[in-house]
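Okay, here's the structure, questions in a sec.
We just call them A, B, C and D in the order they show up, numbering each chain from 1.
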Amino acid sequence: MEFTYEFDWSVIARHEYRDYLLYGVAYTFIIAFFSTILSILIGIVIASGRLSPVKYFVWPCSAWVGVARHIPAVFWILFFYFVFPEILPDSLGSILHSWGSYALLAGIVALSIDNGTYVSDILRNGVLAISSGEREAAKSCGLTSKQQWVCCLLPLATRIVLPALANRTIHNFKNSSLCMVIGVTELTWATQQIESLSFRGLEATLVATIFYIVISLIFGSVSHKMENRLNSCRYSAKDVLNKPSLSVPTT
Amino acid sequence: MSLDWLSFMMIGGWPDGPPGGLLINIGLAVSCFLMGFIFAVPLALLRMAGGRISGFCATAFIEVLRSTPLILLLFWCHFLLPIIIGINIPPLWSAFIALTLYSSAYQAEIVRAGFSSVPSGEVEAAQATGLSKSQVFINIVIPQGLRRMTPASASFAVSLFKDTAVIYVVGVIDLMQSGLIAAERNPNKMLISYLVMAAGFAVVGMVISLIGYKLENRLNFTRKVVSE
Amino acid sequence: MKLNQLFKNTLFIFLFTCAINSSIVNAESIIDQVKKSNTVRIGTGNDTPPMNFIDEKGNWTGFDVDLGSEIGKQLGVKVELVVVNNKTRIAYLSNRQIDMTISNLSQTRGREEQIDYAEPPYLWTAKIFYARKNEFKKISDLAGKKIGVNQGSNAYTAAPQEIMKYSKIEPKIIAFQKNAEGILALKQGKIDVFCQDSPIIAALAGESASEFEVVGTGFSPGLYGIGVPPNDSKWRDAVSFVLQDMIKDGSYERIYQKWFGEKGLYPMPHNARPRLPSDTFGDMAYVLPD
Amino acid sequence: MIELKSVGKIISGKTILNSVTLSLQRGEVAMICGPSGSGKTTLLRTINRMEVIDSGDIMIDGVSLYDEGINLCELRSRVGIVFQHCNLFSHLTALENITLPLIRVKKLTKKLAINIAIDLMDKFSVSHRRDIYPDSLSGGEKQRIAIVRCLAMSPDVMLFDEPTSALDWRLRDEVSDNIKSLADLNIAQIVVTHDLDFACATGNRFFMLNNGTLTEVDCNTLACQSTDRVGRLANSVRQSSMLEMV
């Protein structure tokens, strides 16, 4: 065993390698941002489907969540990149195939699908957590049903849902690294690229790792602060999140 | 009904195509879950009750691992750890190390949450009857904490199993990799290969979910026991 | 205080172990280690037909693998195959985690700075552009097109250099993790052309000759060499001599014929054997005299 | 038996207990009453060192709780405390709740512990519930189990934190009887409560805790306060509703 590695930080400073890293950071943010937004939209749709009184909306949504929750994100990425255009009509598929940014789009959509199932679960639990007692209390104060939602129930649900959503967002940010398998030039891809061109990937990977950690910690602490501010009226979100039906493996 | 049309899925990969690859996924998920748990308990305890330095180290370890993407962790263990320690690590082992580290950090947080969700009143009551600190821990905190963390642990087990799909990037021929090989060899049956892969993950994932659910119900302490 | 002590102790033990190990490494040539342990660790890949891949029965096979086991046989030791890929093979060598790599490794200046090569190289190669049939006529047509390469292959730099010789418009390079993914992308139209070494293209062409063709001629001629750890000339010579013996006694030829010969699994259009210029020397193999 | 000597406790700059002095003999039942936030529970918790005091001293049988060589676990096993919410161990059955400290602290054999537990449970007529988990027990049963859990350790002192807060009036009388019967066993008891009527019916010494100061009162003053308070409350309600009508 011998630690012979001599760090050579000039590798990262060389402009072509530095550009890989900078573009990588940009792509990582783009993927994380858009897939988070899209996944929240997907989550809202699925959650309202599962909560809707119409039976024909409930079971497809529940079944979808039951299945999709068990399918790896990296599978979705490869599926959307290689297979999805194939099952479309030929003309549309070939447009997607030949579109230069399709890898990026496929990555974003795949991550949104993956994250969306989790988000829908979180939202659904948030709404369910508003006990019927609170609804009745809101009703008994004479609020209209719109007022009930806007003034009482939605803020309450937000407070319950926010910590779990923040957690998922960090997770999604980290998952953006999976897009490297289809050649999206994000940060993890950049570290591998530098490794393969210069044989000095350790420095680049170290920088990338620190970047991921710092961003996650910053986001974590921001969401924590926000949570504390919202929790001036304390509601036990923990009880809700420990519900067995929720599949968020976080604290 | 003949399954000949699926036979192309039975070739390529360890030892006999995707079904064999799935075994690698399951084996890795199970072993890394257990190994991770073994590391997680002391980590959680250090973070909760360790001294200043050891507590900080545990916290740093957990937070660093939790904020590093799994695929990057995998590259660390596969490409970079060998450079640092100078020992050659086969892909399967580096996947094992990465997943164990990953699951130990996540499970440490689950364990911590489980332990701290034990009602403080019960801990006090135990102390008040004269149980020593370690006795309180063994008799009250551990049994209750373990039960309280089962839902989170179960869903983490599912997500860990899912995450084993990533290991194909370092060349382990698991379900994902062997499915991809099958798809590459038969491009016209690509959709079927992908569906088989998805089904493999979904079915096993559901079984794990089910086991977790059963375990949760069994450990539920509101159950009534008929006296002998 | 106590922890500090513990930390110091650990550090000491760590450094001590390092010192012991490094002294062993420095004193001993790999040839001695190989003899002592009776195994040679050969790093090779598993996803690059025909050089090294897992066949349909799940066996690890390929030209590199056959060459490796033959070298092991001639050295009289057991062969332990270690999986490497395009990104790890150099690092593993410089850290002496493997004793040699036979893994479609082109000799380049950049790599020469990191590792050593056994003499002679074992295969002539060229980079080849591979595209859908009747789409491009010559290399200059590829200007500004999307070019797929394998991440870790030196095609990443060689391909745009070649195209830029004919045109000012830079091509767009997309790096895939596996060759097969690149070919799939080519088939689906995600990239216009895939660039890889000639033997690898030969294997791909064998499977899909009706759909694809080679654009222009090969470029960036290269040599596949056996990589060995740097600064160990004793070991390097040992491997070189075995390779030369194999070329002389025909065992190299046998492996070559099995894979790339006219009746082989992936017949190659040109003679890829390491040889001397035929106009001066006939078709003599390139082997150092005794 | 128990002696509190000018006990002081400060939590984050606020004086919770201010030179509290109290002395209690075996068989006596001290009722400590006072408004919420007056430090009753804190006072109770200092007596088995769940809270550490800042000044003064607490002695049980002439031994200070803050002696160097004191065995805290042994001490706590002699001072039983029944919490407001009972704090039964929710993963153990009623019987296991009682036997656990017997086996672990007193090192009794399992068989002996079960015998003791069942005997006591019989006395409090809860032995038919021994294999039930706390979640399925009623409030009164929970409390009786909690009392038995303490009593099984044969303590010298029993502390009760708001024993009636979760009970209806019928069960309240029952608790009152239980405490009285414990007094016959020569156990010193301190009961913290809001409920002044309950206090009058149960105790034989009465204290008021106000802003951290403890004063001994007699039963009548306590009863007066009780009626007085109800009167005041009714008045204030009447006034405020009249204001609104204006």
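What we mean here is this: a residue touches a chain if its C-beta (ideal position, glycine included) is under 8 Å from a C-beta of that chain, and two chains touch if they have at least 3 such contacts.
Everything numeric in this text was worked out from a predicted model, so none of it was measured.
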Touch graph components, with chain B removed from consideration: A, C | D
Chain closest to the assembly centre - both centres taken as Cα means: B
Highest C-beta pair count, chain pair: A-B
Longest centre-to-centre distance from chain B, chain (CA-based): D
Geometric centre distance via CA averages, chain C-chain A, whole Å: 39
Whole-Å gap between the CA centroids of chain A and chain B: 20
Interchain centroid distance [CA atoms averaged], chain B/chain D, Å: 46
Where chain B and chain C are represented by their mean Cα positions, the distance between them in whole Å: 36
Of all residues in chain D, the ones touching two or more other chains: none
Multi-partner residues of chain A (at least 2 other chains): 1-4, 82, 86, 180-181, 192, 195, 201
Contacts with two or more other chains, residues of chain C listed in rising order: 21, 87, 91, 95, 177, 181, 184
Chain-level touch network, classified as line, ring, star, complete or other: other
Contact pairs between chains, per stated definition: A-B, A-C, B-C, B-D
Complex contact set, residues of chain A against chain B: 1-5, 66-67, 69-75, 78-79, 82-83, 86-87, 170, 174-178, 180-181, 188, 191-192, 195, 201-202, 205, 208-209, 212-213, 215-217, 220, 238, 242-244, 246-251
Sites on chain B touched by chain A in the complex: 63-64, 66-72, 75-76, 79-80, 83-87, 106, 109-110, 112-113, 117, 148, 151-152, 154-156, 158-159, 161-166, 168-169, 176, 180, 183, 190-191, 194, 197-198, 201-202, 204-206, 209, 213, 216
Chain B partner contacts - residues on chain D that touch it in the complex: 48, 50, 73-81, 83, 85-91, 93, 100-101, 104-105, 130-133, 135-136, 146, 149-150, 153
Interface residues, chain C side, partner chain A - complex: 17-18, 21-22, 25, 86-87, 90-91, 94-95, 110-111, 114, 146, 151-153, 156-157, 172, 174-177, 181, 184-185, 188-190
Chain B partner contacts - residues on chain C that touch it in the complex: 3, 21, 41, 45-47, 54, 56-58, 82-83, 85, 87-88, 91-92, 95-98, 177-178, 180-181, 183-184, 187
